[in-house]
Amino acid sequence: MRALWLGLRAIIIKDIVVELRARQVLPTMVVLGMLIVFILRMASEPGSTAAGGTVMGVAALWIAFLFSGLLAQERSFAAEQQNGCMDGLLLAPLDAGTIYLAKLLANVIMLTIFEAIVVPIAILSFNLHVTGGWLRLAAVLLLGNLGISSVGTLFSAAVQLTRTRGSLLSIIVLVILMPMMIPATFALLVLFGTMPVETESLASLRGSGTLAFVGSFKAAIGYMLAFDAIFVVACWLLFGVVVEE
Amino acid sequence: MAQDIPTSMALHVHGVSKTFVTRPVLRGIDLAVPKGQAVCLCGINGAGKSTLLRIAAGLLRPDGGTVIVNGFDIRKHVEAAKRQIGVISHASMVYPELTVFENLAFAARLYGVAGRAARIEELLAGTALTSFRHDRAGILSRGLLQRLAIARALLHEPVVLLADEAFTGLDADVSERLVAIFDQFVRGGGTILMTTHDTRMGLRCCHRVVILDHGVLVLDAMKDKIDADRFADDYVSYARSMS
Amino acid sequence: MRRLLFALAFVLLVASTWIGLTQGQIVPVQRNILYAHVPNSVCALLCFVVLLAASIGYLITGKQAWDLVAVASAEAGFVFATILNATGMLFSRAEWNVWWTASPRLVTSAILWFLYAVYLILRVSLPSSQYRRARICAVFGIIAFLDVPLVFVSARFIPDIHRPNFSFDSPWQMVALMLGMAGTGLLAAALIWLRTSLLRSGVELERQLLQ
């Protein structure tokens, strides 16, 4: 057990050190994120209302997250491809699940660093007001981060190791993550004060007899938590299958 | 199967076969290598040498057969078996952004090597890399990289060393050093299974020669039974003439 | 046997349509698309279940037959998902005058379609000479299937402003719907069967040519 923990920690630290020295991916991620925020800010300029601006801001954030996250994940296994380092990892007395968790955490850390830079930029450029509280904002972003990284880490290994051309990873991650984007967007809209937790029309829907999560922030968080739990476990279990030759 | 696992065998390959989609690459390979022996695996390109080595290392799953390393079945006791194996291939498995020392420290952590610092120093000395310890691996020449790869492979004191085309691209000087390290390893009780195109080098380092052709071992003989010149010229036809 | 299935499916579908449009007509008229929409929705999901089973089967046994069934069911499912989306959009246009809106039903249909589309693109893009393609597609099949219930739950976050109320006025409607379901189900089974054997022949042919 201790050996697994040592190996896990070693891989995470190695990934971070390598990235800090190569200084390639993190700057690219940040610049990409900033560009996305900028483009969407420009797009929302003509005829913008406060609410419309917030919606665009939230969209910009999640899109930036998704695409920069993809960059991080691609890097994660591209670095192992050169010099046959992936073989080096697979030869070690570590099970594939441990390698997955290490790579997952390294990706989460990269994406968190990205968040810390780009989210304030988005908040400033879209004039967002964090009415819901910074802690809640951090929680939602972390849950989103985990979801994107969990699926991305699994499939970036799959795509990298088969050496295909084209952005297969992006379509895979985007499609699997689509359902999470709905409550994620909703949660951020609530936190930025655009969508009040309960409104007239939404309240009326509650009475219609079916279970509807419309308007429930707690349900959104719960959903994201469940989503992350399901996919982290599933990807952890399936990672061994994907890296096997 | 109730097979008596010969514990004196460092590496025991039994009935291993592998087919790639339509092409059968290995057909029932049997190879038993006792401790302290160095075996040279020869064959033309595409004969399946690397495939066999990868199966022995646990990187590739065979369609049939077993591989037992120092008493551990590589499929059943994966972690224990992997600890017994060190691998050198033509890819260095080294991170260019990390220094020589850091690469070894990382490998040491992966394998849970006790007394990391001392062991790393030992290997740096053994491969004459001590003066390069703080150099980034990305700037090393091929010869130095190969020495680093060997240090990495021997770090966790493996019983079996699998070397896939270890001499490719090395100049005479570095090759000599490599031979010396292999010799030392074998004298210390280690076992080597290596593949190479350079048959002369192979004959120099190894006690035993096996030839893989069309998925089967066509020759398996000790060095002294082999006519070195005829062998070096064209080992495949030599093997065919012998069988 | 397969021809029988196709013929039976055809008969059932024709019967369903005929009964639906004559005896069981729903008012207003565009709601009759329900007879096409619902069976397709059920079949699209059924194909996903087959895809999951085949993916798991392949990962456990390693036999190529499972892989071929997975591809066949993905292709069939894609067809059904396409029809599902098309009928959904037609309904949306007729009922609410917009071709598409972010309503739970349309969103779930769309994501289902995307899941199939990505599976098929993966299938086509990965190099086919390795076992890896089959394995990765199987892994994607399992992950995508885990996504499906999550899609339905996430749709509950979308306000369903217009919720059409489906209740049956006459027993004929129920009959038509059931016939449609049965017909489409048989069609799905027959398609998957046909496609699997086509794929199998293709693989066999390739094997012969390479030897």
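Per-chain numbering from 1; labels A, B and C assigned in written order.
The working rule: a contact is a pair of C-beta atoms (placed from the backbone, for glycine too) under 8 Å apart; a residue touches a chain by one contact, two chains touch by 3 or more.
Small disclaimer: the values here were computed from a predicted structure and weren't measured.
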Contact graph of the chains (line, ring, star, complete, other): complete
Max Cα-centre separation from chain A goes to chain B
A student comparing A-B to B-C should find more C-beta pairs in contact for A-B
When centres are defined as mean Cα positions, the distance from chain A to chain C in whole Å is 30
The distance between the C-alpha centres of chain A and chain B, rounded to whole Å, is 41
Distance in whole angstrom between the CA centres of chain B and chain C is 51
Multi-chain contacts in chain A, i.e. residues touching at least two other chains, fall at 244-245
By the touch definition above, chain C meets two or more other chains at residues 130
The chain B residues in contact with chain C across the complex are 20-23
So, in the complex, the side of chain C touching chain B is made of residues 129-131, 206-207, 210-211
Per the touch rule above, chain A residues touching chain B in the complex are 3, 6-7, 9-11, 14, 17-18, 21-22, 79, 82-85, 87-95, 244-245
Residue set of chain C touching chain A in the complex reads 59, 107, 111, 114-115, 117-118, 121-122, 125-127, 130, 132-133, 135-136, 138-140, 142-144, 146-147, 150-151, 153-161, 163
Contacts from chain A onto chain C in the complex sit at residues 151, 154-155, 158, 161-164, 166, 168, 171-172, 175-176, 178-180, 182-183, 186, 201-202, 205, 208, 211-214, 219-220, 223, 226-227, 230-231, 234-235, 238, 241-242, 244-245
